[in-house]
Amino acid sequence: MSRNIQVSRLDRAAVEDQDVEIVERKGIGHPDSISDGIAESVSRALSRLYLDRVGKVLHYNTDETQLVAGNAAPAFGGGEVVEPIYILIVGRATKEYDGQHLPVDSTALAAAREYLAEAIPELEYGTDVIVDVKLGEGSGDLQDVFGEEEAQVPMANDTSFGVGHAPLTETERIVHDAERELNTTYHADHPELGPDVKIMGKREGDRIDITVAAAMVDRYVDGFEAYDDAVESVREFVTDLARDRTDREVNVDVNTADDYDEGSIYLTVTGTSAEQGDDGSVGRGNRANGLITPNRPMSMEATSGKNPVNHIGKIYNLLSTEIAESVAAEVDGIRDLQVRLLSQIGRPIDEPHVADAQVVTEDGVDLDDVEDEIVAIVDAELADVTGVTRRVIEGDVSTF
Amino acid sequence: MSRNIQVSRLDRAAVEDQDVEIVERKGIGHPDSISDGIAESVSRALSRLYLDRVGKVLHYNTDETQLVAGNAAPAFGGGEVVEPIYILIVGRATKEYDGQHLPVDSTALAAAREYLAEAIPELEYGTDVIVDVKLGEGSGDLQDVFGEEEAQVPMANDTSFGVGHAPLTETERIVHDAERELNTTYHADHPELGPDVKIMGKREGDRIDITVAAAMVDRYVDGFEAYDDAVESVREFVTDLARDRTDREVNVDVNTADDYDEGSIYLTVTGTSAEQGDDGSVGRGNRANGLITPNRPMSMEATSGKNPVNHIGKIYNLLSTEIAESVAAEVDGIRDLQVRLLSQIGRPIDEPHVADAQVVTEDGVDLDDVEDEIVAIVDAELADVTGVTRRVIEGDVSTF
Amino acid sequence: MSRNIQVSRLDRAAVEDQDVEIVERKGIGHPDSISDGIAESVSRALSRLYLDRVGKVLHYNTDETQLVAGNAAPAFGGGEVVEPIYILIVGRATKEYDGQHLPVDSTALAAAREYLAEAIPELEYGTDVIVDVKLGEGSGDLQDVFGEEEAQVPMANDTSFGVGHAPLTETERIVHDAERELNTTYHADHPELGPDVKIMGKREGDRIDITVAAAMVDRYVDGFEAYDDAVESVREFVTDLARDRTDREVNVDVNTADDYDEGSIYLTVTGTSAEQGDDGSVGRGNRANGLITPNRPMSMEATSGKNPVNHIGKIYNLLSTEIAESVAAEVDGIRDLQVRLLSQIGRPIDEPHVADAQVVTEDGVDLDDVEDEIVAIVDAELADVTGVTRRVIEGDVSTF
Amino acid sequence: MSRNIQVSRLDRAAVEDQDVEIVERKGIGHPDSISDGIAESVSRALSRLYLDRVGKVLHYNTDETQLVAGNAAPAFGGGEVVEPIYILIVGRATKEYDGQHLPVDSTALAAAREYLAEAIPELEYGTDVIVDVKLGEGSGDLQDVFGEEEAQVPMANDTSFGVGHAPLTETERIVHDAERELNTTYHADHPELGPDVKIMGKREGDRIDITVAAAMVDRYVDGFEAYDDAVESVREFVTDLARDRTDREVNVDVNTADDYDEGSIYLTVTGTSAEQGDDGSVGRGNRANGLITPNRPMSMEATSGKNPVNHIGKIYNLLSTEIAESVAAEVDGIRDLQVRLLSQIGRPIDEPHVADAQVVTEDGVDLDDVEDEIVAIVDAELADVTGVTRRVIEGDVSTF
């Protein structure tokens, strides 16, 4: 088998060199990200359940979690959730196999509970949030066609498209890392910062504006002054982080919609705006690389919650991103890279109809010089397509 | 004020002397009792919330919890719940008072969670059981008419009826106590016995047949022999208990529907049949005295979940039972007693339209000899009608 | 086979001769009755579906419909429902038989929709009321044991109890007929009267008080005067109806809680209090004979929605009522009659463990003179026990 | 006021000139489109309700409808839905204004019912599909700040981004028009074609492959031959339509996943795959211009269901598309055009922070020659920003 891999010059300027760039990342506590996170947790848990019970991943798809916002009364020192958030896990799953009933509903609910405990620890399960589940049986035809003990490469059953990019621009890097760092290292020392951190980056020429909306947790904030300190602390942290990643002019704003005179600030009981009026659902937020990048082609496919064994959209979105990152990491002289994979119905998914890598090289680098290297990497990654499935099931790959 | 209290001869034989007597008690793990228990827990929690926040009990009514059964796969040594039980808390509550939002949904959910943890400890919250809530705002007119700091006697706003009996017959006593003892002292030493214990007593003349349906918990039962021992142990315990309470002939059967050859036994994962096909709702099981007694007049009113401050049906059912028990305890020579209270719209509830005590005296006792004593007790209990409300809120009165 | 049928003297006064009598009937538009009506409609529809598709009635049970009240803004000349009523159909049903998928959910929903259109015609389906459904699969063991082409008499699988009475007392007759006539002949000429008519009868000695709570439909009532006329018209109609049925003193009150000065009247958009704060569920209202009669023994079993092929509680409640009515109609000299049926596990249901008829004869009639006649009727009715099932499925028997 | 409008050369090849182009349109019967359509219908209905009752559009947002697929048993000549589709309308709305209760739930449900009747006529409301609603109260702060009688330009309250393109490429035009024509003129003569038509277009160089997945409605198809005819008829229709719009090589495939030998064909009862396993939600399908175009920048914002008075994402997505279309229609020599609008918090939305038009001109046309014309059109459209709101409310603008 020889794969049809094309390498060509990208017919636009590198995003880093465009005049205006817009980037966004919804943090893990954003209602859309909560939905993504639950959907993907449920997917992982079902994969494991099936592997554990019947030795292969049966048909399922859980990419439709719907979050209905609650109502809360935050207050300095600690308020309360007044009406709980309602989360409905939606999808299909195989509930019976070979005469054995499989606890898909209970497994899905357990996965959601665990995910919430980890991602939104201030949210009390069962009172601040109700989790319900509607998993249908799915199409009978597809009940048992997927996944065998030895990892075979499945056939594409749909025309689907994945796209990945690398390297990240400075603005993308800042937006991505700021959320990741705020929600990990920074949060460890600053419990007042909730997980619902939304970061918008805008670059015009050489000026980067970073706008952070950061939900503060009321029980760690005892008044306006403390709140103001908390906001300023986030601003400084993000500013430092950004300056480590760019020499451009950087300006950081945090919670710009606050109006202290009106007493209108971004204070929450649980650290997520889902407690008060912000609904969420899967596939509406970050793409597979963790960002929303209108300057770049994006797939509309929701990646979170899809079956990682045979859903081509999921696999190709994750794989094209991995390929792009590998190429950018290993090949010198790449300023911007876009990898596209397009499936062909009826062919193994490691033999896509189109696999192309479009490149903007750095000044002085000729595409011909790097083409072979790129082809080799793309080829190797495609050959290991089932590795994506494995890593997804093991939880080593983030989907949003 | 002088209350209109009548004492008369009951125009039938004492139940103890009737030819055939039927009595039933659904244990606390029965799906109808779970619904009753949650409804009453939610009611208590809302009463306390209102007292705590606004100093009086606002309008609410939560007497409609619906339980939708799950699906389970019990197995010796420990099986699993496959589809969770779904419980919907239904009712009305005041959600806003004097500009303050009151967390009625969260409070109701917390109460249900705590109740389940105590009553059905094997049931894992959030995976074995989903609890959802639909509490409407209720009628605007009634929003704030109830309960003031000093306990005033409310006016009757409905024609409602309560009836109580005492003393319990031997059969009633056995049925009642058997469930209570099995679910407390016996269970302490026998974790294999689940809380879903349903007891039916039938007396024909001087023979009492007790039929027990007892859900066994699979993880404490490792095989048929252990199951058989568990059943036999319950049978012996109930037989001993019954013989302590009667000199009549007693016969006890446990899990008579079992068919060992078919492998059909009453084995459960969680100790309640709600896990597998048995739905439940409020007001369908035990009456306010904890029993179902077709030989005696019964009120159809659901007692559990009703507002204890102003719901006459609830108050009169509990109060008539308390009055009957007081009279039977304090007055000698009473073989059977039935107390009826009927409200009169627009009058304080301590002045019922009808308050009558109908009595079967023991041989040699004349009704005239005890009438004054009875009237005095009825009068005193009516005078303390708000005590019922207080005891209900404090959780000192069982409603099912 | 010779059935064990006992006839004895009832050890109490005839209800007609007791001092105080209380009777209640919730009209078809009452939230509990709506729940009963839907549950029974769904049951009938499933029975027919199974007969139509597989030639026998498969396992099901739909006796748990829960109604969550809505919110409405009635207004003279026509108001609107603001928040819809939510109805959840709950139960178990066999969804697959012999490889064939059976549309039990759609059938249940269609039955509910048709029932509502007929019973509460002012209620607009889908906007004034949402109907949802949760029908589980039920216990696998029971999947296909019920009902064969030729109507066999099933075995009792539970200890269950049914009780019936006849003839109705005057008060019972008035309460029952008043609701039936108001909701049929009267309504035909008076569209302003909604189906939620609740009637309470209280007799003390020879005085009968009838209290009617009648929901008026706002679009047929253009002001207070029209409302007052509507109320007075109901009062007159019920008064006349009562006087046709008794020579006792009769007093009729309609909508006594109205307070014209406060503008508080019983005006509705749809003719049922379910639109505004009154929840409902199955088995909480009328017993199988259409009445709530605390003076008489009652079964707690919900009759509506149960499977009519094999649910002994349902069959025995309906059958005992039919037997009592037959005896009272055909045998002269019966003042009060109570028929009890008690099942015996493992025996055909036409051979109850206990079948007794307890009688109060009229003055001058000796029990011995009518005993044989009574036994013959009881025997014949028991022999035709499957006729109850057939009539229930055909919709010829009312269950509430 | 002078708006900051920039016109520049687009730094890439026109999409029409790129090597590979991918385009997709989900037809109105696709589960994601059903969700979009209901969300937008509900939004329009709420806008009208508010205008009708209080003279201005109050705060609401209904962009989260979740569709849970049903289960169906299609059959030649007519099958049936076995388990209904469940649709949950999610969002926030103002339910009370100036003491007046507003029927937002009932209005939302009525809008959904009407939309479904029109868009998916074979779907029987209430049995094939259950529609439920959860509309929260939303944030109190925002209750009444939007929309006054005279259309004022609102302030931007968020940083949001909209992007529009014109003219459509040949492939885009074919994909778009094929669905529109199939679902209107073609359907009028071919009732067997259901509304769930999904069209994927792929162009490589000068070859265009169109793949159509078309749900056939079983009651109009009496066997395999009729089905095959129906598929072939769609193929011919789309082929002709495509050839009218391009001189490139065109290849059309319809229902390529069919396998006649296995009896696996795309036959449905209701004309939508939502009846069998395909869930759907808002904002996962077509962008505001009706297409999914990975070759072009896209906004992740869901447009359907958002409040058209003040949701900047919705307004800017629709407006940028309208601007692009106006420019392409009125200015000669434009080969590809991309219009971007970026809001600035606290400024009127007709004064965006960035409004740029990036252009690929046709050969021989100089950007300078058309710049003024473009600026004038952009300026005029921005000046009429409230016109977008009006057209959305009147239903003149499609959002998906």
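Lettered A, B, C and D in written order, each chain numbered from 1.
Definition applied: a contact is a pair of C-beta atoms (placed from the backbone, for glycine too) under 8 Å apart; a residue touches a chain by one contact, two chains touch by 3 or more.
Labels paired with UniProt names: A, B, C, D = S-adenosylmethionine synthase.
Computed from a predicted model, the values in this text were never measured in an experiment.
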Far-end chain from subunit A, centres as C-alpha averages: C
For subunit B placed onto subunit C, the superposition rotation in degrees, Cα atoms, nearest 5: 180
Centre distance in Å when subunit B and subunit C are each reduced to the mean of their C-alpha atoms: 24
Separation of mean Cα positions, subunit D and subunit B [Å, integer]: 56
Distance between the centres, which are taken as Cα means, of subunit B and subunit A, whole angstrom: 51
Residues within subunit A bordering two or more other chains: 71, 83, 86
Set of all touching chain pairs, with the criterion as stated earlier: A-B, A-D, B-C, C-D
In the complex with subunit A, residue positions of subunit B that touch it: 71, 73, 80-84, 86, 95, 101-103, 105-106, 109-110, 113, 125-128, 130-133
In the complex, subunit A residues that touch subunit D: 8, 11-13, 18-20, 22, 24, 61, 63-64, 66, 68-71, 83, 86, 88, 90-92, 134, 136-139, 141, 157-159, 161, 163, 200, 202, 204, 211, 256-257, 264, 276-277, 279-285, 287, 292, 294-300, 302, 340, 342, 345, 354, 356
